[in-house]
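The two complexes that follow have chain A in common; it is paired with chain B in the first and with chain C in the second.
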Partner chain A sequence: MAGRRNGLAVLVEALRTWLVPYRYGLERWSYTLQRISGVVITLYFVAHIVETGYVVGGPSVWTIRPDAQQYAERVWTETIKFLSNPLFDAGLAIIGFFVAFHTINGIRLFLAHFGWGLGRPTRPEPMHRPQSMSPTQRALFWASIAFAVFALVYTTNAFFGVLA
Partner chain B sequence: MSGTSEVLLRVYRYDPSNGGKPRYQNYRVPTFRGMTVLDALIYIKENLDPTLSIRYSCRMASCGSCGMTINGLPRLACFTQISELRSKYILVQPLRNLPIIKDLVADLDEFFNKHKLVKPYLIRRDVEEQENPREQYRQSEEELERYVQFAYCIKCALCYSACPVVSTDKSFPGPQALAQLYRYYIDTRDEAREERIRIVDGAHGIWRCHFADSCSQVCPKGVDPALAIQLMRREMMFGPSKG
Partner chain C sequence: MVSERTLMLIHYLTGLGILVAGAVHIGTVFLTAPVKENLEFAGSPFAVMGVYRNAILAGSLEALLLFVAFHAFNGLRVILIELYQSPRWEHAVTWALTVVALLVVIYGTRTIIIAYSIAQGVA
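On to the complex of A and B.
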């Protein structure tokens, strides 16, 4: 076995294998996009909690006060104002793309991990195409891309009215 | 490709006894019709630079010893023609995910050890039968078809080198070993199903596979290790498949 690699080398290697999908076919793109979308959703999830809790008022937002009604209204308006920024809107549209892709492709991966929708073992002939990349798997992958593009168009239109 | 043209090979050089710093060296090689990357490397060794280290044996995609990274993809040098690369410039590096012994020669010990880990042989419960087999084990054509694809493996480590999970988790057995596990697991002559499951059932075992399918993409023998791994997981999750 190779000697232990240091943390930085492992990180560089990890990023390289995650982010350089080309040359290895469609399934490697799926792997990379699933990773990126998964990480984006996780970061968004954290940012979403932070944003709703801390942008205005800090932790005091969560405490019950006598003027709770007015206070909540003010926090709501200020948060909306803070977030009404085309940059955030564009970010949400991209997150719409990733969430849609991650969900459908995630379901595809579940099924594949269960051995569903794959081809059967066959004797390899010259120019053999791997059965793991079955037409079903490819169709589901492209369905997740199509769904994600639809989500992107839908959200972009909702924010910027591009289709109007 | 015309008979008189030339290619430029940019070759990874590394000599541990010589300071151990990797570098690249360029060689111009005249090509002929049907020439493989292995032919070009042998040409370099015989005519331009005898210090270049390569490993090969059969020259016909059977022994699995000439695996290397050619223009970015793990391939067998003897099974890759210069013309199919459609480039006048060829980058030749050793296999990824493995330690390098010298130049283009990767150390396959860890790869072979992982193969051994899955006990790639038939196991019979009867110890006497295992040591001194006397019976004939009959099998139908259909039973053979379930594993014969995976028995085509030549242990070239191309899949191991392509796997993104291996590159960040050195305790993962890798596509070749896991495919061989399934090859013996699903063989009707084998009697060690529970034991085989125990070997790979773990967070760094078979569940680690993310189905990036790069192994199946690069396998020169059409073994499709990713298929074997998913079929094995199906067995482990839903119980043994019947006949």
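On to the complex of A and C.
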């Protein structure tokens, strides 16, 4: 590509590359899902730290207040009441899906990184299938999807049955 | 600066750490009793105060906080420096995310310490 492209064009192209996984095989789907799940879990993680932080007094409190226990119990109960609606239940079920996927797919990547379950290297002739996606690795990818679906069903049952 | 190799090694090790500490966290919330019971403030061994009264469980939450903070923000760093490449961008992203990760760890640690202290006094 001739000339210098601006940052925004590079960003848009890069985002399109990892957000659109079609036509590149299973490995690209794994890559895209691993990243999307990672970003979503990070957002949940930060929100969880902020939310639990308010239970003990929020950002301004760095000592143990005299009424700490009553305060925490009151805010905790209010927080649970606030979060008890189908929107947050659905959100948590999706987090469950992503956490389960990220876990098993992460183990797959860990194993692939150390060469476990990979096929033998072959001559890269046209139409060759990458050996990085051996039957073992494929099975692990589908196992991560299966576990994620299980987690989605489990958390949906646990939260919609209980909180709402 | 820490080398990319070291950062990715820590990324993998924290991933394994999250496997253990995360299993303990999810296990205490979901598998010990009905979720509704465990989401109560106190009154059962694995309700919020019950978890924090137990030094091992409270400690594993602190470990989980440290592991996830590193793993999450290093993951974001990898994504961001893959989206766009320049030494300035990489430097800025690394330092900004280090600061945010440290703030999250400090804030979360404060929550755990206060919750642990409160829990010691809860019947």
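Heads up, the rule we're going with is that the second predicted complex is superposed on the first by the 139 of 164 C-alpha atoms of A that agree within 3 Å, B and C clash if a C-alpha of one lies under 4 Å from a C-alpha of the other, contacts with A are read in each partner's own complex, and residues count from 1 in each chain.
Following the convention adopted for this analysis, a residue touches a chain if its C-beta (ideal position, glycine included) is under 8 Å from a C-beta of that chain, and two chains touch if they have at least 3 such contacts.
Every value quoted in this text rests on a predicted model; they were computed, and no experiment measured them.
Novice: Now for A:23: first (chain B), second (chain C), both, or neither, which partner does it touch?
Specialist: After superposing on A, A:23 lies in contact with chain B but is clear of chain C.
Novice: Applying the document's definition of touch, where does A:91 land relative to chain B and chain C: first, second, both, or neither?
Specialist: In the superposition, A:91 contacts neither chain B nor chain C.
Novice: Looking at A:132 after the superposition, I want to know if it touches chain B, chain C, both of them or none. Which is it: first, second, both, neither?
Specialist: first
Novice: Quick check on the superposed pair: does A:10 touch chain B, chain C, both, or neither? Answer first, second, both or neither.
Specialist: both
Novice: Please indicate which partner A:123 is in contact with in the superposed arrangement: first for chain B, second for chain C, both, or neither.
Specialist: first
Novice: Quick one: is A:38 in contact with chain B, with chain C, with both, or with neither? Answer first, second, both or neither.
Specialist: A:38: touches chain C, not chain B.
Novice: Between chain B and chain C, whom does A:113 touch in the aligned arrangement: first, second, both, or neither?
Specialist: Both partners.
Novice: Give me the intersection of chain A's contacts with chain B and its contacts with chain C, in residue numbers.
Specialist: 10, 14, 113
Novice: Show which residues of chain C lie in contact with chain A when the two form their complex.
Specialist: Within the complex, chain C touches chain A at residues 12, 15-16, 19, 22, 26, 30, 34-36, 39, 41-42, 48, 65, 68-69, 72-73, 75-76, 79, 82-84, 104, 107-108, 110-111, 114-115, 117-118, 121-122.
Novice: Inside the complex, what are the residues of chain B that reach chain A?
Specialist: The touching residues are 72-73, 98-99, 109-110, 113, 145-150, 152, 162, 164, 167-168, 170, 210-214, 216-219, 221-224, 226-228, 230-231, 233-235, 237-238.
Novice: If we count contacts the way the header does, which residues on chain A are in touch with chain B in the complex?
Specialist: 1-2, 10, 13-14, 16-18, 23-25, 27-28, 30-31, 34, 109, 112-116, 118-119, 121-125, 128, 130-133
Novice: Which stretch or stretches of chain A touch chain C in the complex?
Specialist: Listed in rising order, the residues are 7, 10-11, 14-15, 35, 38-39, 41-42, 45-46, 49-50, 52-53, 55-57, 59, 61-62, 64, 68-69, 72-73, 76-77, 80, 99, 103, 106-107, 110, 113, 154, 158-159, 162-163.
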